[in-house]
Amino acid sequence: MKKIKVGVVGGTGYTGVELLRLLLAHPQVELAAITSRSAAGQAVSSLFPSLRGCVDQVYVLPDLDVLATCDLVFYATPNGTAMQQVPDLLERGVRVIDLAADFRLKNEAEWDQWYGMAHACSELLREAVYGLPEVNRELIKTARLVANPGCYPTAVQLGLFPLLKNNLVDFNSLIADCKSGASGAGRQANVGMLFCETAESFKAYSVAGHRHLPEIKQGLSLLAGSEVDLTFVPHLTPMARGIHATLYANLTTEVDLQEVYERYYEQEYFVDVMPAGSTPETRSVRASNVCRMAVHQPQGGQRVVVLSVIDNLVKGAAGQAVHNMNIMFDLDESAGLSLAGLLP
Amino acid sequence: MKKIKVGVVGGTGYTGVELLRLLLAHPQVELAAITSRSAAGQAVSSLFPSLRGCVDQVYVLPDLDVLATCDLVFYATPNGTAMQQVPDLLERGVRVIDLAADFRLKNEAEWDQWYGMAHACSELLREAVYGLPEVNRELIKTARLVANPGCYPTAVQLGLFPLLKNNLVDFNSLIADCKSGASGAGRQANVGMLFCETAESFKAYSVAGHRHLPEIKQGLSLLAGSEVDLTFVPHLTPMARGIHATLYANLTTEVDLQEVYERYYEQEYFVDVMPAGSTPETRSVRASNVCRMAVHQPQGGQRVVVLSVIDNLVKGAAGQAVHNMNIMFDLDESAGLSLAGLLP
Amino acid sequence: MKKIKVGVVGGTGYTGVELLRLLLAHPQVELAAITSRSAAGQAVSSLFPSLRGCVDQVYVLPDLDVLATCDLVFYATPNGTAMQQVPDLLERGVRVIDLAADFRLKNEAEWDQWYGMAHACSELLREAVYGLPEVNRELIKTARLVANPGCYPTAVQLGLFPLLKNNLVDFNSLIADCKSGASGAGRQANVGMLFCETAESFKAYSVAGHRHLPEIKQGLSLLAGSEVDLTFVPHLTPMARGIHATLYANLTTEVDLQEVYERYYEQEYFVDVMPAGSTPETRSVRASNVCRMAVHQPQGGQRVVVLSVIDNLVKGAAGQAVHNMNIMFDLDESAGLSLAGLLP
Amino acid sequence: MKKIKVGVVGGTGYTGVELLRLLLAHPQVELAAITSRSAAGQAVSSLFPSLRGCVDQVYVLPDLDVLATCDLVFYATPNGTAMQQVPDLLERGVRVIDLAADFRLKNEAEWDQWYGMAHACSELLREAVYGLPEVNRELIKTARLVANPGCYPTAVQLGLFPLLKNNLVDFNSLIADCKSGASGAGRQANVGMLFCETAESFKAYSVAGHRHLPEIKQGLSLLAGSEVDLTFVPHLTPMARGIHATLYANLTTEVDLQEVYERYYEQEYFVDVMPAGSTPETRSVRASNVCRMAVHQPQGGQRVVVLSVIDNLVKGAAGQAVHNMNIMFDLDESAGLSLAGLLP
């Protein structure tokens, strides 16, 4: 079988190295180019000794002519980078998955506001397909440009969809109390993310407003068919990988929640609804592409509590990108993604 | 100045060793007896080498005659232990602070239900003073028996009091999403609390109902003057010390929340309301008796978010017990408790 | 291609679950039976939710008739268990890999002394092949019974072999200062391995004598061709996976150590000699079967320092067992073991 | 009693904030000035919320006239800073304790080589007293300038002194295998010290030569009375605080090592020799000024193994500086330093 020629732009961050790990193990992928402006000329394995023996490539500059030889290019770059190059790549017939936020919002003004810059190719915002396979599988198949969802938005949306789709809760009662491991902050020098600042401590951040808030609201509202409000409080927890979303909503009807959830996701390979009463651990999905969840109704009251966990670097980033690639290129959806979580 | 003769029953757990650390540094305390059934005859410092050079005592059996020579006895024992001995001690004129849950609930039936046994001296449930100094300072002064609050209840109640006292929120909209370090689970052999089960992972637990729920509701309802409902979801976070309570409620009125909080606690030595926009870290109170909090109103909406952090072993247990002792014996409230948090 | 029918005895510990993870991803393995006395009747995935969706089997009792239908049985049991059943299995034509210590020592008296019991089938000690592929590849191919090496012995022996084989150091000057993650202690309830006892702390243990000492000395002496002495000090470090061996020896000759090491291991798939000056991190081999090492001669002096890292659960246990299986059944040596390390 | 007027130069790093924590709790200290070039004008407690309520001072510039009003100035600055200002301060009659390395080495050429710059006041290298109270107590009493020892050198020297002083070992056989928590690397933005780079991993570093090597050799040689050689390999371990030194030497005589160690340190308040067979944990000295050690002779052989632990920020930095201050100003040696370690 012919392999897909793949380029990875920005291969020096945590999302990038995780993407390389997954692509190197994928049976139908040929890694044609790994680019980095800062590390150009260096061996990939010199930056990431974990890859010694698995990859012998050298970082190259993100040259358009090099990337244009690929079937698919992944962008694992900071926000605002992909949008500079994507229009040219699309024109040359290359398909693109952006793991950053450049194409996640439909509303240009909103994008400009939250990301603090003017969008460089806003005409593509409408075309870009939001790459959450569980809602957009059909559109992803033929997409030229996929906007890979953010980590928090993946955990939160998947956890709330069954409630909204079935109109079971008050759309103004939604709360997402989310906890993330430190890898979500990326691999930049930053006093606040030093081991000694992060270990043995827990805190909230960006309570006034986090960039993932408009992305979550957009996705929920679209699915619900009407405007949805949400209070979103992200927290930093002293671990490297994992997101745990604890989701609250007020029920407006009596229903068997367990059955609703199981039925909603029964066809999904990468969403696992646990038995009633369960509490998913983030480590149960470490290094795996699964979103694992459980639904609770404490004391049989009016409030529903959903617990939803993902590995932020896999289902929340690189794994979901590979899943999107599998769909775009008509491969088995689980190709390269079927490994069990790493425990302990 | 004459020192207070103090006994510590159950000095082999995390609460016990923290209590010993604080009492050993307290200028007006004489440690008369440290008891343990399992470790009787062993040097305290052989179990806890951190205390070598600070204490040369040996664990003794919790004999009533020994304890009766004390002015004050602390119980740092499992639930259901103190209630077996407390009536006799009180009769002998010894004052008692129970760090376990034996005297925290006023309603006997509720106690029996949540703790799974029949209370051994329910007649004392009414007399026992709930030892949250910020609400019960006057009663604590003369109390014979103080029920030291639970760790979650301390962080949650202190965080919500200003809202309830001033009638600012819908009493049915309260949510407490709480995160605790592993020391809250105690020092018992238990597969679930092994390093390899707890590190690099995050999970909720006891979603259906945690023993601290009735304690929190009792305290909130008492202060509010009417029945209060609450959804309480505790989580385990991979650190040893610290609780972070993220509290949600729906505002029913417009008000300057920052001012409400600062005013409410302006006289309190151990509650620190941070400036508007702050996000307290649990490590900022590590090893200190402070409850540090911040109040937010995201996007100026109708929902208030309070962030409240404590060290579960200090303000959530041993430190609060020493604070209660200081009040009971008319000492400076901060005696032995004025140290800054340990960072990093 | 016909798959190998495999049984796993003792599938509830960390070594067991790691072995399951690797075997489930192995293209030529059929998992015929997973046994556990304590968990018999329970779904494997109920104990390890990380395996939900990957395995739907139920733990069965370690019945000889069930195991006898396998081509190969792995024992991931406590020391002293495999030796009760292995003679019968061998007689029935089943090949065995024991991940515990039952068949690692050649000297029965020594085994009895260090493991505190009488060996149940000492006649097999001589036949058993010590499963370190880098030295015993040929013997492993035809072995009926393979004794999978201990975690410390793997890291230490691989690090010292090039020095001993080439007679470059004083055989009485060897020191192995080893640091292990907490998973080495297994998944048993044990106060000393609680998160709160292990996190944020570092200590040595078993300084007077650790069971891996005779195993290391036996392997080193065999390879060196004469008796070798060694001081071995194991330490516990606050992480789940990984062993770092820091090895010291006095050089007796001048030699290009980097070249010696690179040449010694140039044919080995799972030993990676890093460039001169490197310092391998344990995380670079997390979840991978590689032993990564670097050799130093500080200040050009007479002392050589070797740094050798493995994942104790993979190259130090389950991965090495799969490697042995691949050799025994004439598969590609890297089958099921080619994944890059997980970072971060 | 008149308080000592103290200045702290460089109060924004981990050593600085720990020094502030200790000085704020010291009964005989008045904090006259806390300086920082980068944070001048900001409240100290805004950088370190753990100090809210304990200090209301603002960082000021390190102005000579301000510092000259102090009795004692501590430098908690990067290497090369104190030497620019110390001569002027001494001239004005202010005593100085430098917690950096500016005055630790006696040999100027060696200093210039290891620290990569020319020393600014090498005439003071001879005068400066090396502030290890256990060897230099008398000199410290009257010193104008104290060079506070490095963290590794403290743990290593204290562990080896009894062997060298009593001439019990081969001076060319010494090995110091040391493990440090991440706070030793300071509070600077640095990719290598991010949580995700440091957690769940262990590695050696600076194997070719670490700046603490000449300091250790100088101290050991001075005490031994002849040149001492040492192989020193530092490692980074995933915790914030603590150093564990594992020390190896070849015995040249038969002796009761336990008795040698106990006698050597019997008068020392801050050195704790544990009972034979013990293995000190770093957490047993967390937040305390104690160096805790144990001496072993594995299998009764010729090799001695000493385990020596300290809190690198306390006995390895700020606590030892306060100890030196106590000696310089004729206070009780343990003033402000008598607290037990924090556990867990």
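The letters A, B, C and D name the chains in turn, as written, and every chain counts its residues from 1.
In this section, a contact is a pair of C-beta atoms (placed from the backbone, for glycine too) under 8 Å apart; a residue touches a chain by one contact, two chains touch by 3 or more.
All of these numbers come straight from a predicted model, not from anything done at the bench.
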Contact tally winner between B-D and B-C is B-D
From the centre of subunit B, which chain's CA centre is farthest? C
Distance between subunit A and subunit B based on Cα centroids, please, to the nearest Å. 39
Between the Cα centroids of subunit B and subunit C the separation in whole angstrom comes to 45
How many Å are there between the centre of subunit B and the centre of subunit D, using C-alpha atoms for each centre? 36
What are the residue numbers in subunit C that touch two or more other chains? 14, 183, 196-197, 199-200, 238-241, 280-281, 283, 286, 344
Subunit D touches which residues of subunit B in the complex? 14, 17-18, 20-21, 24-25, 48-55, 183, 199-200, 240-241, 269, 272, 274, 278, 280-281, 283-288, 290, 292, 338-344
In the complex, subunit B touches subunit C at residues 14, 182-183, 187-191, 193-200, 238-240
Under the touch definition given earlier, write down the residues of subunit C that touch subunit D in their complex. 175, 177, 179, 181, 196-197, 199-205, 207-209, 229, 231-233, 235, 237-242, 244, 246, 248, 277, 279-283, 286, 296, 298-299, 301, 303, 305, 307, 309, 344
